[in-house]
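Think of it as A, B, C and D in the order they're written, each chain with its own count starting at 1.
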Amino acid sequence: MTLQILLAVSAVLFAFGLVAALTRRNAIMVLIGIELMMGAGNLNFIAFWRFSAHPEALTGILFAIFSIAVAAAEAAVGLAIIILVHRRIKSANVDDANQLKG
Amino acid sequence: MNEFLQRLNALSWDACSQWLVLIPSGVMLLAAAAAAALRNLIHAALCLTLSFIALGIVFIALGAEFVGLVQLLVYVGAVAMLIVFAILLTRPSDLAGAKSPFAGLGPVGGILTGAGLLVALLAFIFSSPVAKTALPPAPVAPVAKIGELLMGSYIVPLQVVGVLLTAALIGAAVLAMEDKQP
Amino acid sequence: MHLALLIALVPLLPLLAAGLTSLLRREQRVFASTLVIAAQSVSTIIALGAFLITLRHGFVRETFDFTWLTFGTANLQLGLLLDPLGAGMALMVTFVSLLIFIYSHGYMKEDRNYTRFFCFLSLFSAAMLGVVLSNSLLLTFICWELVGLASYLLIGFWFHKPSAAAAAKKAFITTRVGDMGFLLGMLWLYSASGTLLFYDNGAGCLEGAALTAMATKTACVGLAVSNCIALLIFCGAAGKSGQFPLHVWLPDAMEGPTPVSALIHAATMVAAGVFLVARVFPIFSAAGETSVALQTVAWIGAFTALFAALIAVAQTDIKRILAYSTVSQLGFMMLALGVGSVTAAMVHLIAHAFFKALLFMGAGSVIHGVHEEQDIRNMGGIRKYMPVTFVTYAIGMMALCGVPFFFSGFWSKDAILHEAHGWPVSHWPFIMAAAAACLTAFYMTRQMFYVFFGKYRGHAHPHESPAVMTVPLMILAAFAVLLSIPATPAWPWFEGYGKGHPVTLAFEKLVEHDFLSIAGLSILIVTLGIGIAWMIYGRRPLSATAPDPLESFWAPGFKTLANRFYVDELYNATVVRALAGLGVLFAWFDRRILAGAIRAAAGISVTFSKLGDLFEKFTLNLGFDSSCGGLRDCGSLFSEWESGRVQGYLRFLGVGVVVLLAIIGWLFT
Amino acid sequence: MNFFALPVHFVQAPNELKAWFLSLLASFGVPAWLLVVISAVLVIGTIIGVFLVLFALTSVLERKILARVQNRYGPNRVGPCGLFQPVADGIKMITKEDLVPRSADKIVHFLAPVVMMVPALMVLAILPYGRDMVPAELDAGILYFFAVGAGTEVAVFMAGWGSNNKYSVLGAMRAIAQMVSYELPLIISAVVVAMVTGSLAPSAIVTAQGDFAFGFFPGWYVFTPWGFVACLLFYIAALAESNRCPFDLPEGESELVAGHLTEYSGFKYATFFMAEYVGMFAICGLLVTLFLGGWQAPLPFLTIVPSWCWFFGKVAFVAFTMIWVRATLPRMRIDHLMTFAWKFMLPMSFAAFLAAACWHYAGRGPLAWALSAVIVGVPYLVLGNHFTARFSVTNRRYQFSE
């Protein structure tokens, strides 16, 4: 097993997340896509840590932990916003939230 | 006797670690693809959960046991449940009447963008000499050391993350609070 | 260790009391005030003990440091410091605060939120004590911001009044402008000296090595680093101490309850700025006795002193006059610091704290007595109804004016004038300060005549305040007189205490030539001020409706003064308007330029599709529907650029990343 | 990272037996990888077997204890004293028709009981059943327990949503809200112990509780002020996590038929039932590990009794108290339940956290004792006062649902 495989897996995961975030109509699906991309980022952290010359510094691990914490905060706030928007415009569709359009 | 069992354990671990990474990776990618593509939101969320679980297993198999468990705890225990809650709370207008699962721009451009990015990334990954590093011996990441680092060198980021999470908690509560005057 | 614990208790006790009080219910009034006053008393006693320690052992400088955070190789240390400067301040702050707390018990008796009030008061005092006793600029900054927070809470205590809420916001935001400078200065200091501890056995930022390094390195426009840092820190001090041009919040802070005004103006908030400059004085003077930083301080101080005194002449609100007098007196203190005399500044700070607290509480007593009337034109003749208040207020007024010999203000102000006179750079600050002193005597006498003499012009029934309010007044009055003893040049006790050498009684200093000339001058100034005021206001009965005698003398000038030189209006017209204008500009930019660009792109694409359309219609009429359809799709795709769809933007982002990656790949492989 | 490690100790009969068996196989020339598999299968099989027997026993004992409390007999027909009742129940469950609603999401509906069962069994891997008897000696065992345990919520949701029944969805939502809310105090009170021990490994936590004060008083964490509070919080949160009375709202039959279990019958229902009980044992086991000294004997001279006996004895005791609570307390109302979690349990667990920190830094002596007692006592009095004031007996007020 080489680093290539892990990075390729992570790239594919990122692409899936990006496609979901770009094409899906429901805001929650967009959020799911973003979470997938975050997961890909974390996989990269861990992969580079595993293959690094100084794994005992644990840098990748700590970065991944912080990244997970940030992702959790982002999900909480993002979903709260989606629920609030839904309450306002009765839709969770990203296309319908266009009140700020000039 | 004890040494015999220990030797056994070490042997078994080396033999299966590569497959312990690759098989969950495959599962994770399949689940992620399903999560991105499925029309039914709940199914998508459940596939996302499966993908997170598989990702956690990949982390554990790569030796980052703590991160893997945190990943499971945070994503499966909290984020997935939040998403599911949000889906159920926003369901009535959306699950039934959606004409197309895709946004108004249509899927083609998005998929093309994603594919383009994937091709670019893969080209880099497969041409880079860094990525050809062979697998070094398994590092150890003892929890105690992670804790020491978090409370030592990384104390400031830790505090900042604490503030961030508190702010997110309060912010989410305030955002989702019922309006007193409708 | 035990001493450190004891010192830490001084700010911690009020803090703890504030914390506990915040948990109490609104009805538990007696418990709250007892708790807060008891904590404050204990911390006063401890501060007294600390003061005695510094008194007994010659020159004392004890530091107690501990590490707050360690990250990487750097660690942030906080610490406490016991030296004459801090101990004297701490004693003054605790004592004056204690008296104000007791007074508040009487003043706020009727208020519904009595418990909350005491909680905030205690927090205020704790924060200020933290500033005073800290040995680390970082801890100072933390407590400094806590002072700001507490002042916000207290000024806006009656937040249901829109003016009070606005005043609280104004105080908070105006001081924040200065604090930004303070923060930058602190960061620069940390990067320049590697530590934020004041004194650390030779390694602190106020000690030899660091100072030399900062003074010798040059930053921008030929200024030494120490000067830049000092000026940035002075921004913060100017904000808190209400120096021009950040003085605008201080008079508005009168919207809070009167004990708060007393606390802000005497013991805590405004003193913080002066104290800060005194504390980091070595940085200011690192580049020489007349460094750029010190000159700036001196000029701003002198200007503020004169400027605020001028404004005070034309005010009619009893508390507003006192507020501008505070600004003016703070200018005096800054002037003293700027000309290099920490001692003179601190003496004046402490003396001023006592008599200004006395004046504010006296004013509160008057306001209380005439049923919440604050306009001096509606008062008059109150000395008959409130004799205790009158006598104590008169003592405070005479101390503030600098009436000779028996009042602390005379000696402290005299010392400042003396120092300013000896300043080698310029004589103008001295002249401005002398004029300000004259004006001080004038407006205070004017106020006395309006409030206490003549016939009562209001409609309420004035009455004397209860003992819980008058006893603190009497104590403060006693101090306003007694403090004159250690402030005379004949027994320069403060100077000796601050520098740690023994003090001897030397009456011959009183008859030295340069002292005599300055003292004579200041006696003359005071007499002049009081005399003119008596001529204008004392000889004829005053009226509530007729214009002020000065106004009938020179109306436009008086109006400018009464409107505070239009500084607030100036800020509204410039800063506030500028920000609003910036917003409009951005909106215009957004609408015209950005949207225009997008529209142009869309127009181009639409033109292309139109061309395609024409092409189809007139040239390739048959069989090319599909290709032209493709062109039209292309056009509509382009026109979707201005869709307002978030995913569209995200898509552009993705495409951009791909393109960038492609470019990088093409360039570097 | 050693899931299959099995250290051996002479007096530990089960370990000894396994080692002997494996070496016997090795002497017959069985390849090493097969030995590993056999070793794992042996351990896993033993654990599953033991817990299934425990489940069967408890299901009948619970009914008998409940009956005793309610002054009636309970099952007493099948076998001696009705002890074979679970066998009869099992046969009944397996032979029952497996009903799936027509409109249900078939796949999710089918997967839910499986997903429910997996974490319930997986968490058993890190419990120290006796001295040197940890199936998986994990560095972050406690974290593993909670991380894997989070899967239960997914299963509950799948069951509720997959049934396509409004009672099921409501029940599942309630269950998830309740589990998420009570997971906080649960985890924090476990973190308190980890913090004091300085390790997340269950075996280290048990070892840390092994000494005796004054030569006879066990050093279990439950006997410290913060530990006592954390233990009670953990116990209450454990009741809520395993959806047991008085927190069994998700399955409250008077309101929601049977919550997320409404549309399940036959073997799937039995699986849920089993998973719930195994989950209960697991969380009792964790409670015993964290606070009640794990497999440590309560008195020095009692160490001659095998350690795993102590572990299972304590688990049985905790499980008994849970049954007792179920027989005694009425069900809570949903808003009371949430209020209790967020406004009482959470602040109290923070207080326990603080108290433990003070206990550690004050030197773990008598002073530390007094200090931590004050730190947990004051919030308890304040919060308790607040709550009793709110729930004091007054005239009835009617609240109408909207």
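Here, a residue touches a chain if its C-beta (ideal position, glycine included) is under 8 Å from a C-beta of that chain, and two chains touch if they have at least 3 such contacts.
In this text the structure is predicted, and so the values were computed from the model without any measurement.
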Based on the averaged CA atom positions, which chain is farthest from chain D? C
Rounded to the nearest Å, the gap between Cα centres of chain A and chain D is 33
Compute the distance, rounded to whole Å, between the mean C-alpha positions of chain C and chain D. 58
Could you state the distance in Å from the CA-based centre of chain B to that of chain C? 50
Computed distance of Cα centres, chain B from chain A, in Å: 8
I need the residues of chain D touching at least two other chains; which ones are they? none
So which stretches of chain A touch two or more other chains? 18, 22-23, 94-95
What parts of chain C, by residue number, touch at least two of the other chains? 645, 647, 651, 654
Of all possible chain pairs, which ones touch? A-B, A-C, B-C, B-D
What does chain B use to touch chain A in their complex? 18, 21-22, 25, 28-29, 32-33, 35-37, 41, 44-45, 48, 51-52, 55, 58-59, 62-64, 66-67, 70-71, 74-75, 78-79, 82-83, 85-87, 89-90, 93-94, 98, 100-107, 109-111, 113-115, 117-118, 121-122, 125-126, 130-136, 139-141, 145-146, 149-150, 154, 157, 161, 164-165, 167-169, 171-173, 175-176, 179
Could you list, by residue number, the parts of chain C that touch chain A in their complex? 591, 595, 644-647, 650-651, 654
State the interface residues of chain A toward chain B in the complex, per the touch definition above. 1-9, 11-20, 22-26, 28-29, 31-33, 35-36, 39, 42-43, 46-47, 49-51, 53, 55-56, 58, 60-62, 64-66, 68-77, 79-84, 86-87, 90-95
Taking the touch rule as given, give the residues of chain C at its contact with chain B in the complex, in rising order. 69-72, 637, 640, 643, 645, 647-648, 651, 654-655, 657-658, 661-662, 665, 669
Which residues of chain B touch chain D in the complex? 1-2, 4-9, 11-13, 15, 42-43, 46, 49, 53, 56, 60, 63, 65-66, 69-70, 72-73, 76-78, 80-81, 84-85, 88, 142-144
